[in-house]
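Shared chain: chain A. Partners: chain B in the first complex, chain C in the second.
Up next, the complex of A and B:
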C-alpha cells in the first residue's frame, strides 16, 4: 500500500511539474498569445474586455493559480483558432487516436512476444538469420515511407484498403460506438494500424528475444528439460512468462507515448486524430488547444508509467518487496 | 621626458597626416550617401508555399547583384500576418498573395481596397501607397456606371501602378483541378473565369452520369468555420456559399447575375429596387421574407460585430420595405461594383435564428467571428448534414431550392497528404479534385495514365507579389522600387518557381478578367542592366560593391 501511495505521489508531482512548465513555456514564447483570438476589427475597449475575460490583465501568479484551479475542475479553456472548448475538440479526435494506437500496440506486442520467444528458442537457425535483419529494417524505416509503400501497394494498386480517412465519404452512424465498431471503420483502420504495428513490433520482439535468451540459461529451464516437458510447455509456461516483465513495462510506456498521436501516420493516412490537432494548434499559435492536448498526452504518459510500475510489482513481487525492506 | 617631448610632435603630425589623407574619402562618403542597410524580404515557409519561397530566393539573389545585402526571412503565417498587418512600420519587403475569389471578379476590390489611401492605416493597402491621382481614378471607376468608361479608368489605374511600382507583381498562378468524367458529365462541369472548375456553378450543375450521385471532393486544410458572418479560409467559403443564398451571384463569365433576387432594377445611380424570388424557404422550413433580407444587410451595417462584411454594406444609406417581396436600397454615391461587392457577397440569414445570437453578442466584447459554427440554417441549394471540419463536411441537396443541384450529396474530405489525394482520385474515392498543392506534372501524368480523369486549368484572378513598404526608405523612392521590380524577369520566375503553371504579371487586374485587364501591361523591360540604369540616373552609387543612397542621404533606420 505504501508503495502505491509513494508512486501515486510521485506521479502527481511529475504532473504538477509538467503543468507548471507548460504554463510558463507558452507565456514565455514571443508574440501576443491572444493575437490569433482577438480580431483587429475590435475596438480597444473590446480587446481589453476579452483580455480581462481570459484573466490576462492579472499578474502571472494570479493567472497561474486560476489556471491550476480550472485544470482541477477539468476546464481546459477555449481554442483561440477553432473557438470551441478544448475538451470537446480533443475528445472528438481522441477515440480515433486510441483506436489506432491500441490496435497497433496490441498487434505489435502480440506478434513481438510470440516471434521474440520463437526466435530465442531457435537461436542460430535460418529463421533467426532472416528475421532479425528484417525486424531491424522495419524498425529503422521511416514510418511515412512504410505508410506510403503500403498505400501504394494495398490501396492504390490492389485496392484492398481505402486510401485515407476514418470512414467512407458521407457514412452516417447513430453513435460513436456504432461508428467505431462498423466494418467500414475497421477497413479504414487497417493500413494505419499495420504501418504503426510494423514500426512498433521491433522493440517487443528484440526485448523478448534477449530476455528469453537470458532466462533460458536459468537452471529451472534445464530442470524442465530434464523433466521431459514438451518444448511448447517449457517456452510458454516457464521461459516466456518470466521474460515478459520488461516487455510489459515497455507496453505500458509505449501506450502513454502513443496517446499523443502519431503525427506522421495521421498525416499519411488522413487519419483524424490528436496528432494532427496538435500540429495545427502549434502552427497556428493556438495555445489553449496545444496546452490542453499536451496536458492530456502528459497525463496519459504519467498514468501509464504508474500503471507499468504497478504491473511490474504485481508480476515481480521483489520490486515492491525490495522497496519495503 | 626627452622621449615624451620627441614623441608628441610625431604623433601630432601623424594624426594630421592621417586626417588629411582620409578627408577626401570622408567627404566622398558623405557625398555619396550612406550605404543602404540590409534589406529583409519576408517570405512564406518553403513547406507552405514552395513556389513563392523559391521565387523569393531568386528575387533576393537578383537584388544582391544590385549591391544590396538581402536576407530572406521565412516565418509562420500568424507571425507573418501580425508583422505585415499590425506592425506596418517594421518591415521592408514581403512576399504576399491575393487569392482568387468570385467576388474579386469585379476589379473594384483590388483597384479600390488594395491601393486607395483610405485603406492604408489598417486596411488592405498595407504597403502605404498614398497617391491622390490614383485615389481619384479608383473613386471614379467605382462610380462609373458605363462599363466602357469604367474600363478606361481601370486600365489607367493599372498604368499608374506600373509607373509607381508600390509592389512587384510576379505571377498570376494557373490553377489545376480535375474530376472523374465517368462520374460527372463533362459538359456539366462549369469553368468560371479566373476561378476554374471548383466553383458554385459546378456544384449545382454537375450532372451525375450513373448511379453515383455524390460528389466527393478534397481540401488539404481543415474547415475552421462555417458561418454566414465569417469566412476563415478558402474551403470555408466553398461551404458557406452553398448553404447560404445571396441576392446575386458572380456568374461563370465573371459578371454578376440575379440569384435570390428575381429582379434588380436601378431607379437611378443611387437607388436600386430588389424583388426577391417567391416561394423561397429556409432549411428549417420557414419562409424567406423581405425582413430577413433587410436584417441580413443591417447586421453588418449597424454594429461592429461583423467586421468581415462591413465594407460590403458601407455604401448603403437606408433600406425600405416597399412590398411583400420588394426592398429599395439607397446608396451614398453611385457604385458600379455594388451588385458584385454587396449583393453577391452578403449571405442571407434567417432573422429568427440570428436575432437572438446577435442580441447575446451585443452584451459581450466578442464579435461574430467568435462563433465559427453557428446553426447552419440558410436557404442555399445545399443543407448541412454533418460538420466535422477536421474530417469531413457533408451537405445534402435542398429539394425546395429554386435551383436545386443535380447531385444528391456534396462531401468535402480533409486530406492533408497530396500523394494520398491523387491515389484517392485514381481509385474514385474522391471524384473531384478541388485542392491540389503537389507538383502539377504529376497530376498531368496521372490524367494520361487514367483516362477517366479530366484536368482543367485556368489562370487565376489572384496574384503573387513582393510588396514594398513605402513607409520606409529607400522604398519611399519610386526609382528604387522600379529598379528592384525591373531586375526580375517574370516569365523566368513563372517557369522556374511555378514550373510554368503561372503567367507573368505586372498588374493587379488578372488577364483572367479579359475586359478589364490591360494586355500591354506586362510588356516591360527587365534585367539587371535596366535596374542599374534606373539607379544610376536616380543618383544611387556603388561603393565597394555595395549600393549607397544618393548624395547626402543618410540611413535613418536601424539595421535589420
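Up next, the complex of A and C:
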C-alpha cells in the first residue's frame, strides 16, 4: 500500500510540474494569444471585456490559479478557431487515436514476442544474423517516410487502400461503436496501423530476445532440461512466461508515449486523431486547443507510467518496493 | 561494475580490435564517415544550389524531371535539384545530431556527477527534475517549442537535450555511486583534494565512456526528431534538411505521381544515419561491458 501511495504522489507531482510548465510556455511565448479573437475593428470596451472573459487582465499568479482551478474541473477552455469547447474536440479525436494505437500495439507485440522468442532460441543462426540488423533498420526508419512509401505503393499506385482519413465521404453511423466496427473504418485504419506496427515491433522483439537469453541461463531452465523436457516445451512453458515481464511493462509505457507520439503518422494518413489536432492547433496559433491536446497527451503518458510501475510490482514480487521509494 | 578503469590507450586498442570483429560497428563507422565527408564537402559535391529554381534549355522551369544525366536524382515540382538537396541535408543532419549529442553528454554527465557524488537534496532535486523531463510528451513538446520560438534547427537541439539528459544523468549517477566508495577516491580525499578536484580529475574520466555511449544514441534520435519536426512544417524554411525534402514531396503530390526518386533517398539517408548510431552503440556496449560477451 505504501508503495502505491508513494508512486501515486510522485505521479501527481510530475503531473503538476508538467501542467505548470505548460502554463508558463503558453503565457510567455511571443505574440498576443488573443490576436485571433480581438480584431482591430472592435472597440476598446469590447476588447477589454473579452480579455476579462479569459482572465487575461489579471496578474500572472491569478491567471495561474484560475487555470489550475479550471483544469481540476476538466474545463479546458474554448478553441479560438473552431469556437467549440476544447474538451469536446479532444474527446471526438481521442477514440480514433486509441483505435489506431491499440491495434498497432497489439499487432506489433504479438509479432515481436513470437519472433523475439524464436530468435533467442535460434541464437547464432543465420536467421538471427539477418533479422537483427533488419529490425534495427525498421527502428531507424522514420515512420512517416515508411507511411509515404506504403501510401504511394498501396493507395496511389495499386489502389488497394484509401489514401487518408478515417471514413469515406458521406459515411454516416448511428453510434461511435458502429462507426469503429464498420468495414469502411477498418479499411481506412489498415495502412496507418501497418506503418505504426512495423515501427513498433522492434522494441518487443529485441526486448523479448535479450530477456529470453537471460532467462535461459537461469537454474530452473537447467533443471527443466535435466528433467528431459523438450526444447519447445522449455521455451514456451518455462522461459517465455518469465521473459514476458519486461515486455508487458514496455507495452504499458509505449501506450502512454504513443497517444502523443503518433503525430507524424496521423499527419501522413490525415487520420483525425489527437496528434493531428495538436499540430493543426499549434500551426494556427489556437492556443487553448493546443494546450488542451498537449495536456491530455501528457496525462496519458504520466498515468501509463504509473500503471507500468504498478504492473511491474504486481507481476514480479521480487521488485523491492521500499528501495524504490 | 565500472565503466572502464583504464580509458585511453586500452580503449583505443580495443576499439580497433572491435571493428575487426564486429562488422556492424564497422559498417556504422563507415556510414558516419561517409556522411561526415559529404557534409564537409557539400559545396564541392553538389551540381546546383539546393534552393535554386532550375530551367531547361528551352526556357521552361525544369520541374518534375526524372532522374538522369544532368539531374542525378531528378528535380522537385519547383524545379530544384533533388541530389543537391540530399547532399546539403547531410550538413544540417550532422549539425543537429552532433550538437544535441554533445549537449546531452555535457548536461547528463554534470548532473550525474553532482547527483551521485553529493547525494542528499542535490540528488533529490536533480533526479525529480529528470523525472519531470522524462514525463513530458517528447514530440509534442518539441513541436510546441519549435512553433513558439523562431523556426530554426537549434530549437530541436534545445528540445531534444532538454528532454533526453536524464537517461545519461541516471546512468552516470549510478556509476558515480560506486566510484566514490573506491579506495583511490578515498585516498585522494585523505590527501586533501577538494570535492571538485575529486569529481573532475578522479571520477569524471571513468564515467565519460558511458556518457559517450548514450550520446551516440542521441545523435540518431536528434536527426530523427529534426526530420519529424521539419516534416510537420515547423522547421526552418530557408535551409534544406531531409525532413524538409520529405515535407516538400508530401505536399507537392509526389506520392500520387509515384515520384519515388524525390522522397525515397532522403528517408533512406535518415535511416542509414540513425541505424549507424545503433550499430556503433551496440558495438560500444561490448567494448564497455566485456562481461556481456558470450
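Note that in this section the second predicted complex is superposed on the first by the 318 of 325 C-alpha atoms of A that agree within 3 Å, B and C clash if a C-alpha of one lies under 4 Å from a C-alpha of the other, contacts with A are read in each partner's own complex, and residues count from 1 in each chain.
Here, contacts are C-beta pairs under 8 Å (C-beta built on N, C-alpha and C of every residue); 3 or more make two chains touch, one makes a residue touch a chain.
Keep in mind the model is a prediction, meaning the values are calculated, not measured.
*Asks:* Which of the two partners, first being chain B and second being chain C, lies in contact with A:270: first, second, both, or neither?
*Replies:* In the superposition, A:270 contacts chain B only.
*Asks:* Thinking of the overlay built on chain A, is A:25 touched by chain B (first), by chain C (second), by both, or by neither?
*Replies:* second
*Asks:* Scan A:114 for contacts with chain B and chain C and give back first, second, both or neither.
*Replies:* neither
*Asks:* In the superposed arrangement, does A:162 touch chain B (first), chain C (second), both or neither?
*Replies:* Touch partner of A:162: chain B, not chain C.
*Asks:* If you stack the two complexes on chain A, which partner ends up touching A:93: first (chain B), second (chain C), both, or neither?
*Replies:* First partner only, chain B.
*Asks:* Quick check on the superposed pair: does A:190 touch chain B, chain C, both, or neither? Answer first, second, both or neither.
*Replies:* Neither partner.
*Asks:* By the touch definition at the top of the document, which applies to A:84: first (chain B), second (chain C), both, or neither?
*Replies:* A:84 sits against chain B, while chain C stays out of touch.
*Asks:* Mind working out whether A:290 is in touch with chain B, chain C, both or neither, as first, second, both or neither?
*Replies:* Touch status of A:290: second partner only.
*Asks:* So in the superposed three-chain picture, is A:68 touching just chain B, just chain C, both, or none of them (first/second/both/neither)?
*Replies:* In the superposition, A:68 contacts neither chain B nor chain C.
*Asks:* State which residues of chain A lie in both footprints, the one left by chain B and the one left by chain C.
*Replies:* Looking at chain A, the two contact sets intersect at 148, 151-152, 155-156, 163, 267-268, 283.
*Asks:* Within their complex, state which residues of chain A touch chain C.
*Replies:* Chain A reaches chain C through residues 10, 13-15, 17-18, 21, 25, 29-30, 133, 136-137, 139-142, 144-146, 148-149, 151-152, 155-157, 163, 257, 259-261, 263-264, 267-268, 275, 278-279, 282-283, 290, 293-294, 297-298, 301-302, 305.
*Asks:* Note which residues of chain B are touching chain A in the complex, please.
*Replies:* 76-79, 82, 85-86, 122, 214, 216, 222, 224, 304, 307-308, 310, 365-367, 369-373, 385-386, 388-392, 394, 409, 411, 413-417, 419-420, 423-424, 426-427, 429-430
*Asks:* Considering only the defined contacts, which chain C positions touch chain A in the complex?
*Replies:* 24, 128, 131-132, 135-141, 143-145, 147-148, 220, 224, 227-228, 231-234, 243, 246, 249-250, 254-256, 258, 260, 263-264, 266-267, 270-275, 277-279, 282
*Asks:* For chain A, which residues count as touching chain B in their complex?
*Replies:* It is residues 31-32, 35-36, 39-43, 45-47, 49-50, 53, 81-84, 92-93, 148, 151-152, 155-156, 159, 162-167, 169-170, 172, 267-270, 272, 276-277, 280, 283-285 of chain A that touch chain B.
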